[in-house]
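Next come two complexes built around chain A: one with chain B, the other with chain C.
On to the complex of A and B.
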């Protein structure tokens, strides 16, 4: 866009206007309204080239070094420190801690909670995303706000919600207790809390894909005589599959680490209602730092693996989005 | 969020040459679904979704708000206006603000480096940014205490210089920074990648310093992203629990944040007080969501012009 004839380039977005006079050998950017510069206003000669390269090198090192140092101190340092801490007493101690009765039960509970959340959030997440994108009815806009709410709510407040609904004096607690159904301080409440906090994951990933692919293919399928169910299974679902999988990976990552909510509703029965994060917390309270760090390392590794899976899925999903953008 | 895509080149004569990019593929009016009369299947899905969200999200929120106001408005006020709660709320807002400020600057900086400065290992660093979203917040707390706690070398060194990191305010800010790192980076990065580099190149040819190019050409286009990312990270920080409960030490009126206070009130059998503070946090978080959404909509309507 820098045409050699000399031009005034203004930006569509900001208020920046660059003045470039064709007759000037030097040039000056300014934020003033477009105008040509009188010769007396020309900038002073540039510093010598050698000084500039040195300056540029320092500037580049500064621009690159500060954020990398920040990330090293904030992210990488703590991660390496906890790995070192977990193996401080040797690999045997590490293995002992992560295969203890508590740890194994914790991992199993976490897997169960994640599984429940994934099933519910996938089925309802796709339905919610479809309703947000394809359905039109009064109050539909409010759904989008409701869906986002779980990400904004503190996990402790989520735990409080479950207690107020299912506690002894809660809205549903007495009725359920009379039928012998135990929700609070047992796995159902933990599953509810875990599902709640991860509810937006699938919806948020599927909605943009559904928006991008548009309705043309679906209409074509319907015109050719496919039923609504056939259209969904054969046309819509293949289009959004990577979005769904990405949402599932997000759900898994989010539920793996759920802590505040389950801490309140689990009742803290060691070896019975403890997810992995709760086991870590109890180990910390019992001053068994090494065991806590060992389990923390396992959870961190699991989330890193999920992150890698998500990177792969993201590429596939973006390819779907791109092709949707081209064919529309 | 759509950044400006058209660039106008104005010749000295004043004639305006239109946008340098071709029309966007989506410029045709979007088509609505064909059928307007509700069908049975559509009605079933719709009511299922509405009932599910109503039972699963609206009802629990209602339960908390109702419990908060159960003993009347004055009881709600009394639960908020007492020294313990006020100091917890103050601490939460202060640490979240400090985090938001640092995050806005460093997040933008990181996004800039990732988008514009080539260096070996850039892809790895880029993937690393999402780590805080995946790592459990409790594990974050454990990690920070291991590195910066009073028993670690780093912690001992800082203690020797009379600066307490863990079990004090800096620890809380550090934990919040870790947990919210991706917000600003991921909000700014796409804007940077979509930005037309023509103006920057022109400015560079014209002799503008890199800092001036960044400040006057790049930064104005990034404001919407910085604003959204910072607000979202602030909203996230208000309710943070898992990492704070480990790093803050939870000393009442000194390092006890609002979320930890709520936890304490529930455990000590004061659900009304817990619900009152929760209602306040919910209202704050919801207001922030609405603000971000309105920015978002305005940006879409005006094609992302700040």
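On to the complex of A and C.
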């Protein structure tokens, strides 16, 4: 080791290192002398009181029982009721109801609405999430709030807004009608309303993932010669894919059950502008309870499957969020 | 393959991150941008990489004006502090990325990846994912990835900042050996002066967005150009004083600079009539005595604490003005003096970097370095 007052400025890097490591540790006047670590104390388990065991059991039963009872009354009960109703006239009646002309058309319309909403909200949802996370402009925070608006506004109000826009006296209605394009009381308006009410799903799921993964990998890709498009497809998209899929599942779940907004703009043309929920509604009005319940069971089944898919996707997405924290 | 920065300035909102920064990195040379956090060194590196655009100034890479060209066309290799590996790609895919996006044929890519894996000593790790590697391994993958497209220059942003101390030292030595092999023109950003001194041929010291001094590591240490460099590089004690009417006073004591500092002191007396001064004294440049010295002036002091640090003893002294000094002495010398806390001693300054500031114009600190 070199002497501290020796050739500090000398060319030998080693001697410099030694002097620093020695002086740096002592240069701060307030630095305390190194402390010895106290031996770790292991908490010893306290003996349990055996006398009040029955009280603990009562307490535990109460804490566990109340939420379970609540769930049974609110969730399981209605589900069982609707399944029982659907099969009240036997399996044949159930199959007949869910394969009727009305039902099949209703399912097809629901699938179409969901499909349109998923396509548009995925493409634009990712674009909006990107803008919120990566661009810096005045009103960025406001945009983040605005995106949630469709969740806050009642779908009926959304339907009303669509009517005001595309109705006969609406802003766009006359111009579109003149070109022979029918929006209101046809599937385009229904798709529009469905898309609107499910807009936040993808945005809200992708935004936190984009925030968590940060810009590091994107910047690395850029310095390695990747264009913006290459960076997006090869680096960003694989990182947010589970978030996007979760958002899509959420969109599907939200759109399957959409009713109020669609009801307003559909015009209720039986067999023409009816989604599955609207078919249920009409069957109930026509006092065909069994048919209504049968279709309801199919929708409920679809929702439960989506729920399972979402649980799966959630763990994958959370892993992306976690690894973002770890590798950064 | 040189890098030249000319008058770079960059403002983020109201914060002036980079102020008129100019320097050159010669071909094949390693230059370190050294400064405390927030000194703008990383911003300078990002400007050179094209990850930010300057408000004013010019960047030349290999003699070519790259100021406004986009990051992907600059041909720089960038290594990030937190690795920034593509987490969904394997090690081999990470390294191949820069070649794949350039549409290099697959056999060539494979060959280059193998070559680089060997260079960074990770030959068996091609199929691993980044989260299966240690920090040091990740940083070596990041380095291999940056080198794969054969960049013109290599930019390292605190490359060892996120690693444990011992891994850091090991990787630093390895990078030094690697540099001896490949001779890449490298710009390294660090706040660790040890790292800068060990790796760099030249050091550019930055503070508050501006360059304080640029030079060889030993130059920076031996001849700091500004008070900031004197205090930032290596450990120093800062003393205050003034020169007026030919008398020099430091910490309230008259000192004869000729005795303590040699010829430099004469210049101080002749050159500056009236000035406040800052003196930076390294912990080993202070001599402690029991009695008032005969050769040169002495300043009285009291021993606050003496702490044994291996073969050295760190002694904290209090001056009559209340300022505390840190002195490092060999254990033998301290034993011979019998120094212990509470004792009154005298100190002599064996060397100092002195910066005079004209009282009449305190706003502009003159770099009048006297010793």
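Convention: the second predicted complex is superposed on the first by the 277 of 328 C-alpha atoms of A that agree within 3 Å, B and C clash if a C-alpha of one lies under 4 Å from a C-alpha of the other, contacts with A are read in each partner's own complex, and residues count from 1 in each chain.
The rule is simple: a contact is a pair of C-beta atoms (placed from the backbone, for glycine too) under 8 Å apart; a residue touches a chain by one contact, two chains touch by 3 or more.
Computed from a prediction, not measured in an experiment: that's the story for all the values here.
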Please work out whether A:64 is in contact with chain B alone, chain C alone, both, or neither, and reply first, second, both or neither. first
Across chain A, the partner (chain B or chain C) reaching more residues is B
Using the superposition on chain A described above, determine whether A:235 touches chain B (first), chain C (second), both, or neither. second
Is A:168 contacted by the first partner chain B, the second partner chain C, both or neither? neither
Figure out whether A:179 sits in contact with chain B (first) or chain C (second), or with both, or with neither. neither
Can A:131 be said to touch chain B (first), chain C (second), both, or neither? first
Is A:220 touching anything from chain B or chain C once the two structures are fitted on A? First, second, both or neither. second
Dual-contact residues of chain A, meaning touching chain B and chain C, are 1, 3, 5, 8-11, 13, 16, 20-22, 26-27, 29, 216, 219, 222, 326, 328
Would you tell me which residues of chain C are touching chain A in their complex? 49-51, 70-78, 80, 82-88, 97-98, 101-102, 130-131, 138, 142, 145-146, 148-149, 155, 193-194, 197-198, 217-218, 221-222, 234-236, 282-285, 307, 309-312, 314, 316, 324, 326, 328-330, 350
Touching chain C in the complex: which residues of chain A? 1, 3-5, 8-11, 13, 16-17, 19-27, 29, 33, 216-217, 219-227, 230, 234-235, 238-239, 323-324, 326-328
Touching chain A in the complex: which residues of chain B? 3-12, 19-20, 25-26, 30-34, 36, 38-39, 41-42, 45-46, 48-50, 52-53, 56-61, 63-64, 67, 106, 109-110, 112-113, 117, 119, 125, 127-140, 142-144, 146-148, 152, 174, 177-178, 181, 196, 198-199, 201-203, 205-208, 210-212, 216-217, 220-221, 235-236, 238-242, 245-246, 259-260, 262-263, 266, 271, 274-275, 278, 281-282, 285-286, 288-290, 293, 304-306
In their shared complex, chain B is touched by residues of chain A numbered 1-3, 5-16, 18, 20-22, 26-29, 31, 34, 36, 43, 46, 59-60, 63-64, 66-68, 70-71, 74-79, 81-82, 84-85, 124, 127-128, 130-131, 134-137, 143, 145-165, 170-171, 195-196, 199, 214-216, 219, 222, 228-229, 253, 256-260, 263-264, 277, 280-281, 284, 292-293, 296, 299-300, 303-304, 306-308, 310-311, 325-326, 328
